[in-house]
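Take this structure first; my questions come after.
We just call them A, B, C and D in the order they show up, numbering each chain from 1.
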Amino acid sequence: MKLKRWTTRPGDHVEHIGEHGDAGGAPLDTNTTTSSSEGLRYTRTHLGLHPHAPIAEEHDATKYSSLWWSKVRLALREPFAEFFGVMILVLFGDGAVAQVLLSKGQTSAPGGDGYGNYNAVSWGWAIGVMLGVYIAGDSGAYLNPAITFTNCLLRKLPWRRFPVYFLAQFLGGLVAAGIIYGNYVNAINAYEGHGVRTVPPSPTATAGIFCTYPQAYMTKASMFFSEFIASTILMFTIFALKDDTNNGVSQGGGNWFPLGLFFLIFGIGACFGVETGYAINLARDFGPRLMSYALGYGHEVWSAGGYYFWIPMVAPFCGCVFGGILYDAFIYTGPSPLNTEWLGLKDVVHPRQAIDERLRVQRKEGIV
Amino acid sequence: MKLKRWTTRPGDHVEHIGEHGDAGGAPLDTNTTTSSSEGLRYTRTHLGLHPHAPIAEEHDATKYSSLWWSKVRLALREPFAEFFGVMILVLFGDGAVAQVLLSKGQTSAPGGDGYGNYNAVSWGWAIGVMLGVYIAGDSGAYLNPAITFTNCLLRKLPWRRFPVYFLAQFLGGLVAAGIIYGNYVNAINAYEGHGVRTVPPSPTATAGIFCTYPQAYMTKASMFFSEFIASTILMFTIFALKDDTNNGVSQGGGNWFPLGLFFLIFGIGACFGVETGYAINLARDFGPRLMSYALGYGHEVWSAGGYYFWIPMVAPFCGCVFGGILYDAFIYTGPSPLNTEWLGLKDVVHPRQAIDERLRVQRKEGIV
Amino acid sequence: MKLKRWTTRPGDHVEHIGEHGDAGGAPLDTNTTTSSSEGLRYTRTHLGLHPHAPIAEEHDATKYSSLWWSKVRLALREPFAEFFGVMILVLFGDGAVAQVLLSKGQTSAPGGDGYGNYNAVSWGWAIGVMLGVYIAGDSGAYLNPAITFTNCLLRKLPWRRFPVYFLAQFLGGLVAAGIIYGNYVNAINAYEGHGVRTVPPSPTATAGIFCTYPQAYMTKASMFFSEFIASTILMFTIFALKDDTNNGVSQGGGNWFPLGLFFLIFGIGACFGVETGYAINLARDFGPRLMSYALGYGHEVWSAGGYYFWIPMVAPFCGCVFGGILYDAFIYTGPSPLNTEWLGLKDVVHPRQAIDERLRVQRKEGIV
Amino acid sequence: MKLKRWTTRPGDHVEHIGEHGDAGGAPLDTNTTTSSSEGLRYTRTHLGLHPHAPIAEEHDATKYSSLWWSKVRLALREPFAEFFGVMILVLFGDGAVAQVLLSKGQTSAPGGDGYGNYNAVSWGWAIGVMLGVYIAGDSGAYLNPAITFTNCLLRKLPWRRFPVYFLAQFLGGLVAAGIIYGNYVNAINAYEGHGVRTVPPSPTATAGIFCTYPQAYMTKASMFFSEFIASTILMFTIFALKDDTNNGVSQGGGNWFPLGLFFLIFGIGACFGVETGYAINLARDFGPRLMSYALGYGHEVWSAGGYYFWIPMVAPFCGCVFGGILYDAFIYTGPSPLNTEWLGLKDVVHPRQAIDERLRVQRKEGIV
């Protein structure tokens, strides 16, 4: 039983990180602290980049484990966290676009020029990510398949978590887009005309509320590059924000992470958002795109921009992996495949062997 | 006498709050921490969601208890806190709307286009809530009847606090709206014409300074849904921000709560504010609405939007309760009715019994 | 010699506050910590509302006291701090107004509509106050004569500090306005015409860069009320932000104070800034006004708005005192005249006696 | 061999950083803290102003030192940090200008008026600097040759680091400008016309994306003064933000530094950005200028504004040194040349002697 293994294995290396955290009360009674609580303390510090988020807490497991719903929750705790994290992310993000777009130029608004400008879109996505991290802490708060993937690759997050997280993240985006549609359906009718639903470059297009569409002047290569570079910056900076060995990061790193992420996402929106709408996240783009297709926006949601839709699905993976490698190669000093012999290329040459090795280690640590 | 019980317990909380601060200076006398200090520790960390905020501090009770005003203050400490908290909230919020609306397009402003745009409205409400929490910490800083209600329901806040808090919150909003009117009366006269007071959809309406009015294109169901979904997000995220067992929340949770709340309110304003003005709070909407009625805005403050006024009174309760249940059902692992047997439904089936049980526990703890 | 007294007097009551600060390492070796370091630690926590800011630090006093400049600095340390604090405050604040006003509608700006809007003015003043607090910590960072005054009245700041701080604050504003003029003189010439300097309501007025001018529709009473209410909110909220006994304030209160102040000033600018320009500070308004008079803006700097200039000099004092009394009467539980017998009115009835009593205490503590 | 000295000292810093964190777990073994750990404590707290950032960490040096790339990284760790720090800085900063400028007035944007206004430019640069500090912590995060220079002069940063840092910072800006060009090349073509590249005051100029150009009304002296005063404020405030002996600075100073810097840079952009574009940094201006020249913007990148290009290269050095001296002379109480005999002028009179003395001390401490 994996929970057992979590709580009974001897204190692993992360204990020491725990000890000098904010907590501090530990010095005299470290020996009374169980290893499981140590493990959980560690998680709090390494939010979002932790190789293995905790699966259960003691009081949860012991006290309520006999209730049916508690069992379900225990089994699905992490997918639930990712689902609601991405849902909040997309609710705020898509909500911001909807509000700004649908109230364009409305003179009865305070100020006489609509309920927000592009700046509010940057605010919305940045707040969504920040609050999503607060909500999804139990799963590690990845909220983005490309970030989950890069953490599997470079930070030893077990690969078998990837498909589950992926599904939860995708569904979170899908559901959130549906809620936004339900909330703004009257405004969309008032803006486009009753029942009319169009996709850019239609002048009254509202499909941009849900997912991203590229500027008309963009070439396919430029679209890809734009998403790639934004994703690279995203992963590079997140790795920096989570890197305890980087002197630039605050001592109470975990506390500052959501705020740092707010500024990062705001910056990407304000500085790299014009060309392709900074999707940088399959869950944030594909889920809502599918929902908008289901809601009647037509086949153009796929064909617009020369079948642009696959770029925000693929480019974030490439960009995040590249950004992660860049960080590990030039800044990171902790354990990364790039800091091992052959610069990690051994894994590429003998992938089977690398996977076996990793699985062996993970099984030994009881975290798969 | 409840105050007695609070003040005569051995450990007084001022000392203990110090000891278990970030410091960790506690190690040597952890065993001397009484359960009362435990309760109070909870208070500082769980700002805004605490089942029972402290009612008195020792130096207050002992040194000045003979003074008439000190006695009044001791008795009314929590209502005072809620009153001033909501007052600051509405002063900033309504003030922002007033400034932006009344200076619309003014060319003599720096920048030549009025003293702020819709963005400033988001700032105003978010700052108001943030500062209101700083001010109303002694009562738990609920500042919203729907949030008080949900905490009574799911976080064991004693029900008998609800009516007192409700009244204080309502009066805080009422008084603040009066101050805003007094402050901006000249500007309103200049904007509408001397003595003219109109309600949307009048093109020069200023009633929107005080309370919310829906967009013309909204149906009744959509209005309700818009307030409902915003309230759901509000409560869901506040529960997350206060949840120490959620790994996403900072270790120094209480310190970060007001800032997190700033972003949450800003986000709701920027992403869900266009349709119904994101009242999400009876005290913020009904109090000022009544004041604007008293100040001569006429019967339209009630009839506008098809007697919309009841929606921001009712929907926040529904939304907050739903958001709280959602959080407890899917994310929360602490003690909640939803984590007990029957998923808390036992309380619904036997309400009398549940209330008795709760009162019994509270009386034992001396906090009613 | 007062410095001596600081360092040799036995540990005063503030030690305990020090002990449970972030520091925490203290429990075992408190006895080895000298009282002077305790006093200084206390200061850090109570930034801005401390009854007596520290005058010297040990290494400063002992190591460099023989140098001429070091002696000057030691004697003038606090005025220097207030001077530079207010200077930074006004540099950012007036700078923001200058940039936004002088670049109005400039199409060559990025975005094509000038270098900022009114929102940037709120940012500028809020950042100025925040950074001013960081700079002027050694004097308590009052930065505003009305706030100094209220602290003398209600928080036992020695009255004899008031005139020195007042002068330093006034000069800081004066000098900063001169620097802003020097920096923007070309832009002013380009905007108004070479050598032309006008005051509102002139359509090309630039005097508003330096100090505040009221809206044309305002009556004298409304102007006063507008400054009064904004100052009341300022002081009320600052007292809350500094109140360690308020559960709403973070445990690491001092760390959060500058950020909280940023939001407070931003909020006042965004919500109460349109009518009189939210001077709320004699040093910020009168100093620059005098400078603009000296620079040739003519007699209108005084006569504009019906000799409005005295209102931002007087109203902030009334408002801040009222706000302080309000906080102490309804929320504060610490030592305040309002929590003593007669609700502090004894001091009003027998002022001479009260002053003598206070001086006696201060002399005993060696802090005058 | 300096690395040897670092890595073989008894106390390794990872452990000690933990011990003296917020935790306060230290009480029992304070006496075991070696002087080396003291130095490193300084590093984490004094981010950005530290005389000698750590060069290696033990696990890095011992475990991977045999790998070729690890050796390169160890040798170039600090230049890499400065390179990527400045790169992120310029990516966000130039990216913000590009997005706002190239989408000017675009009606298909949400809100109908482009993807951001000047405000977004302030956001971009402020976020860039903030995230750059997070990334470049291993080198001290100077990110600006003028700041490096002032730290060499007044904070004992070894002079021999200056040229290496200078080169890394310059290259970081150069490369980032190239990436921005690659990302926005389609948009530039759409904005200016295919292959057309112009420099202000051309109405469709896009050279302003990369580096700064002055307003047409500026005289040469005013340009210099504008950059000078902004740089003075920059250095003065950074010294304040890093000054642990300043009571205004938070106890957890290092944690708050990046956020404080965000507000500082935002403020400079919003208050002193209109006249010369607030370059205040050779690396941010000269690097991208050279890149834009290489990319075909023509000789005007140098000749524009009357060969203005040298001002953002020289003025920041003058301003930063002046700002540093100002702070040390009036506020700082720590060790500074200005707090020594002769007010530090001895060093000017006998520079050779001063350099020798400094080198001698540094050699003794093993940090050159």
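Here is the rule we use: a residue touches a chain if its C-beta (ideal position, glycine included) is under 8 Å from a C-beta of that chain, and two chains touch if they have at least 3 such contacts.
Because the structure is predicted, anything quoted here is derived from the model rather than measured.
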Same or different interface residues for chain A and chain D, judged by whether over half of the residue numbers are used by both? different
Could you work out which chain's C-alpha centre is the most distant one from the centre of chain B? D
Euclidean distance of C-alpha centroids - chain A vs chain C, Å: 42
Here the gap between chain B and chain D, centre to centre from mean Cα coordinates and rounded to Å, is 42
Mind checking the centre-to-centre distance between chain A and chain B? Centres are C-alpha means, answer in whole Å. 30
Show the residues in chain D shared as contacts by 2 or more other chains, in ascending order. 22-25, 27-28, 114, 116-117, 119-120, 252, 259
Touching residues on chain B, where the partner in the complex is chain C: 14-15, 17-19, 21-28, 43-44, 47, 53-54, 57, 59-60, 64, 67, 69-70, 73, 80-81, 84, 88, 91-93, 95-96, 98-99, 102-103, 108-117, 119-120, 123-124, 127-128, 130-131, 133-138, 140-141, 179, 182-187, 189-190, 252, 254-255, 258-259, 262
Going by the contact rule set out above, which residues of chain C touch chain B in the complex? 16-17, 19-28, 97, 100-101, 104-105, 114, 116-122, 200-201, 203, 205, 208, 215, 217-219, 222, 225-226, 229, 233, 236-237, 240-241, 245-252, 256, 259-260, 263-264, 266-267, 270-275, 329-331, 333-334, 339-341, 343
